[in-house]
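Consider the two complexes below, in which chain A is the common component and chain B and chain C are the respective partners.
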Partner chain A sequence: MQPLRTQNIGLSLIKEMELRGSKIPGVVSLAQGIPSFETNEHIKKAVIESLSLHNIGKYSLSPGLLELREMVEEVLRKDGISYDHNNEIIVTAGSIEGLAATLLAILEKGDEVIIPNPSYAAYAEAVRVAHGVPIFIDLHKNDNWALSIDALEKAKSAKTKAVIICQPNNPTSHIYPESTIRELAEWAKNNNYFLIFDEVYKDFNYTAKPIFHLAKDSKYRGNAVYLRSFSKAFSMTGWRVGYILACKELAREILKVHDSLVTCAPVISQYAAMAALRYQDELINDIMIQYRKRRKITLAHFNKLGDYFECTAPDSGYFFFPKILFKNSGSKKTAIEILEKAKVNIVPGIAFGPAGEGYLRFCFGRSEEDLNEAFTRLKNYFHNSL
Partner chain B sequence: MQPLRTQNIGLSLIKEMELRGSKIPGVVSLAQGIPSFETNEHIKKAVIESLSLHNIGKYSLSPGLLELREMVEEVLRKDGISYDHNNEIIVTAGSIEGLAATLLAILEKGDEVIIPNPSYAAYAEAVRVAHGVPIFIDLHKNDNWALSIDALEKAKSAKTKAVIICQPNNPTSHIYPESTIRELAEWAKNNNYFLIFDEVYKDFNYTAKPIFHLAKDSKYRGNAVYLRSFSKAFSMTGWRVGYILACKELAREILKVHDSLVTCAPVISQYAAMAALRYQDELINDIMIQYRKRRKITLAHFNKLGDYFECTAPDSGYFFFPKILFKNSGSKKTAIEILEKAKVNIVPGIAFGPAGEGYLRFCFGRSEEDLNEAFTRLKNYFHNSL
Partner chain C sequence: MKLIFQIYLKFLAKIILKKFRPKIIAICGSTNKSTAVAAMARVLSPQMEAAASPKNFNAEIGIPLSILRIVPEGASKIERWSSIALRALQQVFSLKTYPKIILLEFGMHAPMDAEKALSIATPDICIFTNLAPSILSHTDKSEQYNKTFSYFLRRLPKDTALITNADDPHLEELAQFFPDKVSRYGQNPPSDWKLSEITDTDSGQEFNIARNGEIFQVKIREFGLHHAYIAAAAFALSSELKLDLKKIQQEFCK
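On to the complex of A and B.
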């Protein structure tokens, strides 16, 4: 076969670790960000009902079922965000499809997309798939992974087209404060760059402060795309459903690509999404009680591993991202060694960009049983091997 | 907003017609290729069971659920086709996602993809989305829309990378004979081009001859990609599930893009697909009885409109593609006029490429009631207006 351009694109290190782990019997995985929870019974019930009430077998319109887009518009309005279901909301096959459609719409070959890192491992690959060039800038590891506009300013070039911001950030769990987001938005607007916000962890907040959503401020509509998902807060990763918010002019372009990628989001998942929105206050409240508990359990475990990891309790999401304190030969080798010797699967920090080197990511979205078993193994491993 | 490259990409004319039609009350649509049938009860039952038996809420592996890939491998083997579920079968979010992933994997910017036309309207847009250039060649309208290698040979250039073949073809319903497919395969192999076969209508055959599948011949594995779907034969367009067959080396590259586009196909739809395969003989047999009946009804209607249309009974698929015999100002204007005046929605032939001009596409996958109502309106329209 002739060489293909994708030969320079890797499968994300997260997937690589999961694949490695799947070949070793008895591994406990805290690697990929998959909640252990099953899809809620309310949602399952609504799905079963929809099978008899609606023709699930039929495509929806490309932007999604009208009823779902109307619900999204209404839910947004309660948060002070105004996007029109007719022209500014597109239901996607998960937020990753929303990202792919956005990048394919906005990028010319060779255009640069700035990715503050560490951040979600798949961004760089998504940019490369869309013929773009990812440009990493480092978040401030000594300042709770804050973002500085200076770093963005230094990274920009004539080829810069967009910035991808994970708010709250995965894997650092950092929630960018309103001041940072506003500064970023002004900078992007002045430079005429697109800002792509990945908000899949927007419902996870363990702090006292609310998460700021730029979407409330109509001043930045023309430059911003918001990617949202039902996967995380509703434990619906397998359903592949999320949505995009963008101004009419931009949404029209993204819609063409979305149509070309998947025609429409899976219809049954759109009905599941409607049920999720219908019960969202109850569902999110219930699940956050569970996540707070798991976060506390995991923190207690890390406190006992204080000689090996430096870590703070996460502000959002379901990941711990501790710094490695022991002697090591890089995060990837360390993660592989832990996988092979302790049979615990975790993700090396380097997966999230160069600034993630020296760190490891642990998903605490897994069951309490798995969390406890994983840390028992880790304690044995560290106490015996190091 | 700055001008985007997608401004040169259109929403397909099929979608444009559906959108136009949705704004006119009381329209009967024979436009988009959506079967009127609901997803079968066997499949629905299996879906409901899977909701309690499996964690549907969780991503599958990127290439799809192991169990589904194993089933696909087995089903293929019965057809004399040998592809390995581990490395050569990827479950996709419908065949259009399979096409997008394939094109994004193989095309460099500016690479050309030859599209024999008339053929499925979305190919050209998919090529453009993937930074490629669609090159149309005309099928022989006076020879039952046959494909000639001469035309391919004339269209090739240093930039040619692939050919997309819809087998059986939509909208012409033509089933390319084994001799043509073999000639095409040899030509592609000698030129080192990829052949992308869209086989979504492979289960529709109203002729006495079987449809030839090149996948049976291992000689062409390195050059060929086969796109298959559960949408058409199982009335599952809304579920967004299909699969790709490609040799290991190529599948590995396509998988990276697939992962970047959607992570995995919707899991619940993968369970629906397993049920479809489990009952496939029964389901396809039953549905083909219905399609044969609808084809016959539609043919009888066309026979009464012989002054206005020249048409043959389709060999495959669920479309009639008659030639317009009356004076007209192009297929698009004609379709719009029929939509507005007769309130019947159909697709202009130009949607399927320049060689489709002068024709119209009618979907007979709609209900008998809709078919009869549509043709009553058409007869009134033609008898009164022309």
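On to the complex of A and C.
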């Protein structure tokens, strides 16, 4: 076979860890970010109903079912955000397809995309798939993972095209404050860069302050793309449905790529998404009660492992991202050792970019039973072997 | 069970309508109904309080609940029927005053839906948003819509005031079924409420709405052409209700 371009593109370390874990019997996985919850009954019921009422076996329009886009527009309106469902909202097969379509639309070969890290592992690979070059800048680990404009300024070049911001961030689970986002937006506007906001964890907020959405400020519409998803807050990872918000000039271009990639998001999942939006207030409230509980349980476990990890409680998402305090030979080796000896699967911080080295990511979206079992094993492992 | 619940709600809603006799405004069409209801209720409110549909309900339950002024707990919809039934009954006894008008979303997919909606409330004014886009999204719906809406229009009392989108070819195809009193809005003739100079700005859209030589300049924060159409329809409605159009213009520009 001829050598292929994609040979230089890796499968993310998260997937690699899952693969390793699947070969060891009896492993408890806190690795991949999958909620343990089933998709809610109300959503399932609505989908069953839609099966009998609509012809769900047909393609929808490429940007998605009109009814769903209209609902999205309404939901946004309540949050003080205006995007036109006819031209500015595209329903995607999960946010990752939205990201790929956006990058493929905006990047020329060799264009650079700045990725503040640690951040979601798939960004760099998606940039490479789109012929771009990921440029990592470090978030400030000693300052609650703050983003500095100085670092962005230093990283920019004639080839810079975009910045990917995970708001709230995975794996650090911190929320960028409004002041940072506004500073970043001004900087991007002045330089004419695109800002790609990945907002898949926007409904997870354990703080008293609301999360700031730049989309509320129409001044930056020309520069910003927002990626949203039903995967996380509605426990719908397998349905593969999310949406993009972008001004119409940009959405028109992204749509061409989206059409080539998937034609449209799965229609049955679009009906599920409509039900999710219809019931969203209740569903999110209910699920967040569960996540808060799991977060508390996990925090209590970490408090007992204070000699080995330094960690703060997450502000958002469903990850703890503690710093390794014990002697180690890198986060990857540590994670593999923990997997093999303690039979608990977690993700090494290096998976999220160079600034993630020295950290490990634990997903607390898993069942309480799994969380308790995993931490019992971890305690035994640390107390006996370190 | 569902049927009994619907009949029960309909019965209570009719009591309310009989008692207070609000002017009934039906918002019809394939899309933009909720957006239209929300925008209209907002711009009318300083001059005339309006009761308005709670969101995303189908007509058989949504129309009676709107009339009974019940918004299910938690702003939306997962509330037990029994508790809604009880609250509906309480409303019949406790409502002492009522807005002069009520904006109702008439969601209709088949002639049967039109029949059901009309059996609960007969509109004094009927506003059509559009029919075209949904037909595009599901091609086989076209004929069904035609059947449904021609049936609905034929069943309207002759003195209903119809406010309709002149630029929607699917609606114009139904013109033979329109009642006598029709006003049209849109960018093209024969619009009575003519939209022009629609431009996108950094913070939304600007456009003019003109009628008989009188021009209203409107600025809104929303993006998307349909919002300009909704604004034009709101002007037509306000004129029908004999409201001060300058104030409507100010409300939009807020």
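FYI, the second predicted complex is superposed on the first by the 386 of 386 C-alpha atoms of A that agree within 3 Å, B and C clash if a C-alpha of one lies under 4 Å from a C-alpha of the other, contacts with A are read in each partner's own complex, and residues count from 1 in each chain.
Note that a contact is a pair of C-beta atoms (placed from the backbone, for glycine too) under 8 Å apart; a residue touches a chain by one contact, two chains touch by 3 or more.
What you are looking at is a predicted structure, and each value in this text was computed from that prediction instead of being measured.
Using the contact criterion defined above for the overlaid structures, shared-chain residue A:R5 touches chain B, although it does not reach chain C.
In the superposition on chain A, A:E249 makes contact with chain B only, not with chain C. Of the two partner chains placed by superposition, chain B and chain C are both touched by A:N55.
By the touch criterion defined above, A:I96 lies against chain B but remains apart from chain C after alignment on the C-alpha atoms of chain A. Touch criterion not met for A:A208: it reaches neither chain B nor chain C.
Within the superposed three-chain model, A:D84 lies in touch with chain C and out of touch with chain B [touch as defined at top]. Of the two partner chains, chain C is the only one that A:E70 touches; chain B does not reach it. When both complexes are aligned on chain A by C-alpha atoms, chain A residues 55, 58, 60-61 touch chain B in the first and chain C in the second. Chain C contributes residues 30-32, 34-35, 38, 55-56, 74-78, 133-134, 136-138, 140, 202-204, 221-226 to its touches with chain A in the complex.
For chain A in complex with chain C, the touching residues are 42, 54-55, 58, 60-61, 65-67, 70-71, 73-74, 77, 82-88, 218-219, 221, 248, 278-282, 285.
Partner chain A is touched in their complex by these residues of chain B: 1-2, 4-7, 9-12, 15, 18-19, 22, 32, 34-35, 37-39, 44, 47-48, 51-52, 55-62, 93-94, 96-97, 100, 104-109, 122, 125-126, 129, 131, 192, 222, 235-241, 247, 249-250, 253-257, 259-269.
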